[in-house]
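Chain nomenclature is as follows: A, B, C and D, assigned in order of appearance, with residue numbering initiated at 1 for each chain independently.
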Amino acid sequence: MMVTTSPKPVLSELKAPTLSAQLPLEDVQGRPDSRGIALKEAGVCGVKMPLQIRQKDGTSQQVAATVTMSVGLPPQEKGTHMSRFVVQLAQWSRGKVLNLSLKSFIEEMANRLDATSAYVSVSFPFFIDKKAPVTDGSAPMAVHCALTAQLEQGTITLGLQYKMAIATLCPCSKAISEYGAHNQRAELMMNLRLDESAIDTLSLEDLMILGDQAASCPVFPLLKRADEKWVTERQYTNAKFVEDVVRDMALLLRVQPAVAGFSVRVEALESIHDHNAFASYEERLQA
Amino acid sequence: MMVTTSPKPVLSELKAPTLSAQLPLEDVQGRPDSRGIALKEAGVCGVKMPLQIRQKDGTSQQVAATVTMSVGLPPQEKGTHMSRFVVQLAQWSRGKVLNLSLKSFIEEMANRLDATSAYVSVSFPFFIDKKAPVTDGSAPMAVHCALTAQLEQGTITLGLQYKMAIATLCPCSKAISEYGAHNQRAELMMNLRLDESAIDTLSLEDLMILGDQAASCPVFPLLKRADEKWVTERQYTNAKFVEDVVRDMALLLRVQPAVAGFSVRVEALESIHDHNAFASYEERLQA
Amino acid sequence: MMVTTSPKPVLSELKAPTLSAQLPLEDVQGRPDSRGIALKEAGVCGVKMPLQIRQKDGTSQQVAATVTMSVGLPPQEKGTHMSRFVVQLAQWSRGKVLNLSLKSFIEEMANRLDATSAYVSVSFPFFIDKKAPVTDGSAPMAVHCALTAQLEQGTITLGLQYKMAIATLCPCSKAISEYGAHNQRAELMMNLRLDESAIDTLSLEDLMILGDQAASCPVFPLLKRADEKWVTERQYTNAKFVEDVVRDMALLLRVQPAVAGFSVRVEALESIHDHNAFASYEERLQA
Amino acid sequence: MMVTTSPKPVLSELKAPTLSAQLPLEDVQGRPDSRGIALKEAGVCGVKMPLQIRQKDGTSQQVAATVTMSVGLPPQEKGTHMSRFVVQLAQWSRGKVLNLSLKSFIEEMANRLDATSAYVSVSFPFFIDKKAPVTDGSAPMAVHCALTAQLEQGTITLGLQYKMAIATLCPCSKAISEYGAHNQRAELMMNLRLDESAIDTLSLEDLMILGDQAASCPVFPLLKRADEKWVTERQYTNAKFVEDVVRDMALLLRVQPAVAGFSVRVEALESIHDHNAFASYEERLQA
């Protein structure tokens, strides 16, 4: 899928310097350091890369990922070897598929960098086909995901962040008004610590369904008139504060076998203010 | 209001290079260029600067501005002198007040840079105190403004961009549903070409009132329960598509003596979708 | 590639409203409007959608696009039918490939919406494999592209925006300093008006090569030590102001048969300032 | 400084609903909740507000702040009273000055909301006048600050986040190249836990000086030619990896009496890549 375009022939027409004979080049990163400070992280961030992500049905989806990769740096080393991160990433980009578990990915990182601690985050919009509630229309909708892994003292901690749009309708506004009730788009953000032994029971697709259950109403990419009526009435009959959505989401996440701990945050783009209302909850996340 | 902290004493303790004797330093920007291409703009952007903006009542408001300043560059000149822009900006930052008209500001730019064409944009959040509709609460609310000026062939064109939050409630959703109607925060964006001779009749404060008139309902920084009831019911009784808001805003702007031309764009953060609905209109903007 | 997950079964367990018998539902958008204002645009923006983009070698690349679609609205119509845009987009998402020309896409839009003017913008990160200059390493690098089309009075205007990272090294800093010269990442932004008859001579891959030629030096996703030496020395021997890059890029674009008009802007993230330096040029863009 | 513009008179000309006689309006937030879930946070975020921040010299600087305010919510309460946050904020906006310690601010929050846990973050660009290194030019430069306070189980934890631009020059590039060395703008991010008993020894102005000491070279808002020579040569003679900057910053922060714990992160906008290099360190932050 990637084309190989080599800019070198063109560039070499310009006054490019020739490589001098001073090779081998010194490994400056490998110089000793005397400050006695072990760094928590040294690495790269903001690396854009096309990657393949495993879908629920076993096939994969190509995503445009933004990646952070780092390792801990011992006190006696001056710097890390940043190009090795991109070498690994480029190799995975050429055909390997990432699961929700980045275990093997981070183990490979630690090996390549000869490191005992490491961190990786792979963040991307993931598209899930969503059906309209009444008519038969459907279209892909993006949810924003990030898979993370942390290696520390021999233990790997796996995480998953998930941000999706939902709707909330204000119970107070509904109760005190003669007619109508203010409603708005809201962002539902889940931060999950994963239990690797049960990770096969979890999918990005199912997380969208859970989020939609906790909302006043889901949002949809494609709605015909009969759908819009359904959505409007469902919002109105299902009024929820951000606090309610967080609590309902917590109840839903508690019983997921793959979720070892989680935080939930809902942020509503209030239609009556130019600022947002939010609520958050956290459970077994640091355990 | 600005403190003067000189980092130099501290820095000179480090291994700072001493200035060599090769002064005067060559003006590389002043070298001739043979490509025969006159540039439309050469300048600086993303310059953060505290500035004073004239308010309706004659006093000024300090704002945190982001500034773009540029001049046209004749074909025979290699580069422009970028530091002169910041010298001017820093001087204005120390006590001068900007009006809605940047005429004298851009004339000074053209003089300093010895240029015949120039462009400036001063962009900032501007705070306007906004009263709740029923109770006596009030609080500042930010609207995002940008003042612009363009000098070309001896003529100065003055502009004002204005972005504020409003609410829209969907007439279709209201008409087809048993109860409720989807509503949402929306962004109202006005781009005005100003008639300098009437510029005193215009204020950032009045533009907020015009925008609120065109909306299904204004948004507010502070609402008590009685206000929330008012807002909910006003939204519901005043359903408007983005198309309606744009048309009503156009009618309001047409009769402003200071507005020589304008475009309006409304973008609604639909509470039923994860994307936005928008409409736009343009009148006498290029004249 | 898209999985089909229907949230409806889950949601219907909740207190969902049943559809009332009042169908057919009124077409509120079709109501007459008496304000006499024809809108320039009414549509959707911020629609995220996976799409296939034609590559130089004839294969396609899946991208995560952000789409704007709109039509002009006659004065007598109250609103447009926003869902039709997403219906078309979802259909294209399921297997059709977009060329650099959106001609057939915008013609389909105008037909579906029964409109005489229309606008579409499809914006996405596009990955191109980029080889290191000395070693044999290579990795995908993202450039940000937007394809646009505008239909007005029977004429379709095709556009292409292209933003890529390059490096610039300051000629002034080099000339006046004993050693070293400040350099930085810069953003090269091209806005092209396309000549459809020659559009096959243009590719996103070739545009990256052109941009790299105009820079002090290209940037790369993956560099080993020998590459870093090459890049450092090439930057230093090829000092360019933003003004120089814009002029060189203009010379390169002028001779492209598919480019009917263009603007170029280069913005350098100056390593000596917290603001950017920029230059811009425009040629035959409004013709 | 704030003008009071009441939009009500204008709006009431439109078809505004009249307040019905059903007052007093029910306090829906006060309804009981049976899910048994205590929320970590319920509040508002993204609130824009002009505030006064204490400067080193005892005067205050008006800033355009973005504020988050929340309280913990006991399991038996359905929702919090969001308007009380904005009431407090608007009062502080009218003349009260915030110190680096938000102790009294968060105590007031807890009282107003009748809460035992609370959180506040006040984020803003802060302008500090910065002198050129050689000539006598100077101009304000923005650093991004956030003051935070957290109340939990009777204890208040004070924090300060600080983000400023610096420059780094790569030691590896310098060592292996015949001439030149790649350099770039970088972001230095400090996250400080404050010791309130020594907070008077700390100022935002001094933090900028510390950051400049840790850099390869400071960045400046205004540089004449002699300054640019100084900066170029200082960068070159003071090559530092992001790892070096983090370590040097750690050494500088360790000896600050007001800093009870900290993390440092440096992110360099590499001029040879389209991604960033970063390093981070953490000390006594969770203590």
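Operating definition for what follows: a contact is a pair of C-beta atoms (placed from the backbone, for glycine too) under 8 Å apart; a residue touches a chain by one contact, two chains touch by 3 or more.
Quick caveat, the model's predicted, so the values are computed rather than measured.
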item	value
Chains contacting each of chain B and chain C, listed by label	A, D
Chain pair repeating A-C, as identified from A-D, B-D or B-C when over half of the contact pairs by residue number coincide	B-D
Most remote chain, CA-based centroid, reference being chain B	A
Mean-CA-position distance for chain D and chain B (Å)	24
Distance between chain centroids, defined by C-alpha means - chain C, chain D (Å)	34
Contacts with 2+ other chains: residues of chain B	17, 20, 25, 47-48, 86, 141-142, 172, 176, 178, 221, 223, 225, 229, 233, 237, 274-275
In the complex with chain D, residue positions of chain B that touch it	1-8, 10-11, 14-17, 19-20, 23, 25, 27, 47-50, 55-57, 59, 61-64, 83, 86-87, 89-90, 93, 124-125, 127-131, 133-134, 137-142, 205-206, 208-209, 212-213, 218, 221-226, 229-230, 233-234, 237-238
Contact footprint of chain D on chain C as seen in their complex	141-142, 164-165, 167, 169-170, 172-173, 176-185, 217, 219-221, 223, 225, 228-229, 231-233, 235-237, 269-275
Residue ranges of chain B touching chain C (in the complex, touch as defined)	17, 20, 22, 25-26, 28-29, 33, 35, 37, 39-48, 70, 73, 78-80, 82, 86, 171-172, 175-176, 178, 241-244, 246-248, 250-251, 263, 265, 267, 274-282
